[in-house]
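Order of writing sets the chain letters: A, B and C. Residues in each chain are counted from 1.
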Amino acid sequence: MLLLTEQVLNGLQFGVMLFLLAAGLTLVLGIMNLINLAHGSLYMIGAFVAATVARWTGSFMLGLLAALPATALVGMAVEIVALRALYRREHLDQVLATFGLILFFNELAAMVWGPRALFLDGPSWLAGAVEIIPGVPYPAFRLAVLGVGLAVAAFLYWLVGHTRLGMLIRAGASNREMVAALGVNIRALYTLVFGLGALLAGLAGVMAGPIYAVEVGMGEPVLILAIVVIVIGGIGSIRGALVGAVLVGLVDTLGRAYLPSLLGLFMGPANASGVGGSLASMSIYILMAAILVWRPRGLFPAHG
Amino acid sequence: MDNPRAAGARRAALIGAACALALLAPALAAAAGADYLIGVGTRALILALAGLGLNLALGYGGMVSFGHAAFFGAGAYTVAILGFHATLGEPLLTWPFEIAGTESAFLAWPAAMAAAGALALVIGAISLRTSGLYFIMITLAFAQMLFFFFVSLEAYGGGDGLGLWARSSLPPLDLHDPWQFYYTVLGLLALFAVLKGRLVASRFGLALQGIRDNERRMRALGFPTVRYKLAAFAISGAVTGLAGALIANHAEFVSPALLSWQRSGEILVIVILGGMGTVAGPIVGAIAFVATEEALSQWSEHWRIVFGPLLVLAVLFARQGLWGLIAARERIHD
Amino acid sequence: MTEPLLRIAGLCKSYGAVIASDHVSLNIRAGEVHAVIGPNGAGKTTLVGQLTGEIAPESGTVRFNGREITRWPVHARARLGMARSFQVTSIFPRLSALDNVALAVQAGAGHGFGIWRPARAEATLRAPARAALERVGLAGRAAGPAGALAHGEQRQLELAMALAMGPRLLLLDEPMAGMGPTDSQRMIALLAALKGEVAMLLVEHDMDAVFALADRVSVMVYGKVIATGTAAAVRADPAVRRAYLGEDEAA
């Protein structure tokens, strides 16, 4: 029971991190109709900047404060220089071009920071464990990540549902030509949205640092998971991104924790760990496939 | 634009020259004292075959697959696993029927195509329920899934990969000889290029291109479009699987990296930058890609920092592909 | 009484609060030309969509050629003998006009998975395609890319493709759309020549065409069929006059 609670919390924590990445991705996809594979690179840049600043200053929080604007700026710079020309292009072109960007950023990171992983320690005041449920100690940092993620979700909910900017975002997601025709400065809106997405990606990267490692190429596996989240949730939908992310986080974490032992009930332990391990690593993709068979456009498609 | 006759004649001349070069390449490399280039050339041809496969789905079928590395890797692993069991002397499966290991190319290579093709059929059946952006992302996700699957296969090396004890046996040839292997690969590439040329000119091929250009219209005419796309996707997977079988032989090693998103991206790049929707395009693309990679990596191990932006520029400004540029094909539109 | 070729019974379809099809019923006899007219927003496009299979009705049935096809996919209906032309021209601009029509012939030719022979050399496909192009008067423009044809010629090509399918029913969605008077007259003559040979459901705004061609006319307003009858009867119908006066100058 204790283990289950811990695993569920892990799953939720993983889920909200995916949500941070997926939210930016789905916003950009929904509004600008741009698939940006280099989103994972922004995640990586956030982590690297935070790790470097934290090492210089000895403070995680300073690292975080440096990484967020840095990532947002890099994101907006990339948008202005490389991505604007791609809005009108086919998705295939966008995929290729942003693939080129990934190669560039990974190589740049390797040149600047070297091939070995960096370490980023969480803040010392979050180093211990907290008993949110009596008798169940859980790492405070992970709890903080969960909290931050939920706060961001609430913030996005407010932004998209209750502000003028959010209204433009929602309108743009369903009819971008109309929004432009209404005289809204589309370019500025796009750059802003992109910057917001980059910021969220950077935040996710910084928070990931203490839990996973900070290394070249860390962005792409997570990006692909974020893509699975969006496919499940529906392109353009923040709500879908949250639901999808939590689902993916829980299924992945609980699958890895329990599938081998579950299968051990039916087959011998040696086989079970092998098959169970394989199944666990494929579990979220099987989930995605199952949802697609039932709902080819995801759970909450924004474009109806 | 020049008249079609001149363009056609020029195209034929280029193809002729390229074929001559391809046939003479090993001799030229040996004469230049750069024998290792035969291996490089072989790799380019193998990648060209992979691109040929993808192009059927992408250039002719309009299906943007960012997961073709899955079929590449599946073909490679089929050969490696069969070889592994042959070396061990243990069969792969005993129930419901026995599958013994083998090192014979006559068995292992068709098996690789069948495995990759079957995989493509399953992935295609699910993915083709969607279209556009969803399709791209889903094919990427499935390839990632298979990447993790092979990583989890501890029995076959897991993340570290699996070595081949020997290259496939293809009597009377000895594939361990670089020249013989090169010409085998060249021969297979030529064969599949010709087959593909016939396929795309056939009823099936024209229907597929019609679906690419206007699927709604094709449905209204009475074509069961999903069936055509699925068939094309499966064939495309099988051909890419054969390329995988060849790469397993070439490197005498397989690893999950063959199924990575970087691999899928590479295959996409060579098809698109070579020229989609043409038979020669992927071949030109593969040669250009491998040549660029070789040249740039002489300069620095960080060559990708140049290659990445080059790719972006190419997408923005040279979209019709190298073959489109070189051969100055007469374009019916614009 | 013989079963009509196409029987539509009680089709209902709404989009949120908008009722696009409100218990629409009508039928078409073999060889008949049945026009559907009505102001914009009357639900004609939705009706065509439900007939072709692109839109799924919420209730109601469609019977064609004796079979109930309400849930059939688009391509299956086409194979059964229902051919359509699109309101917004939908052809293959990169292919030649002949290639376009040859594809339509190929669709009905059964073995669409032929792999070995070059399809462009197949007389069994090319000959009927040429014949269809001749019928619509495009024989001289068979070779050039279809995208280069004039707008009116492209509409003729649409018709040729539909005819090449060998249909029993033609669903013509505003075939005269965007055409000038000369082109329109030519199209009307073409369709008149087809009368009796193949049934037609003609959705049109052009009243000349409707009165010249239609055996019967159905009038749709706000998703409902308010009148069905001969052109003359419908013109005199008071409900129809009420619906049109002040809304549409075409009549």
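Throughout what follows, a contact is a pair of C-beta atoms (placed from the backbone, for glycine too) under 8 Å apart; a residue touches a chain by one contact, two chains touch by 3 or more.
All figures in this text were calculated on a predicted structure; none of them were measured in a lab.
Counting hops only between chains that touch, subunit A reaches subunit C in a minimum of 2.
When every chain is reduced to the mean of its C-alpha atoms, the one closest to the centre of the whole protein set is B.
One simple way to say how far apart two chains are is to compare their mean CA positions; for subunit A and subunit C this gives 49 Å. Between subunit B and subunit C the centroid-to-centroid distance comes to 43 Å (mean Cα coordinates, whole Å).
Averaged C-alpha coordinates give centres for subunit A and subunit B that are 31 Å from one another. Interface of subunit A with subunit B (complex): residues 29, 35, 82, 85-86, 89, 91-93, 95-97, 99-108, 110-111, 220-221, 224, 227-228, 230-231, 235, 274, 277-278, 281-282, 285-286, 288-289, 292-293, 296-298.
Considering their complex, residues 52, 73-76, 78-79, 83-84, 86, 90-95, 99, 102-104, 106-108, 111-120, 122, 125, 145, 147, 161, 165 of subunit C touch subunit B. Taken in their complex, subunit B has these residues touching subunit C: 198-199, 201-207, 210, 213-214, 216-225, 228, 231, 332-333.
The touching residues of subunit B, when paired with subunit A in their complex, are 64, 66, 126-127, 129-130, 132-134, 136-138, 140-142, 144-145, 148-149, 151-155, 261, 265, 268-269, 272, 302-305, 307-312, 315-316, 319.
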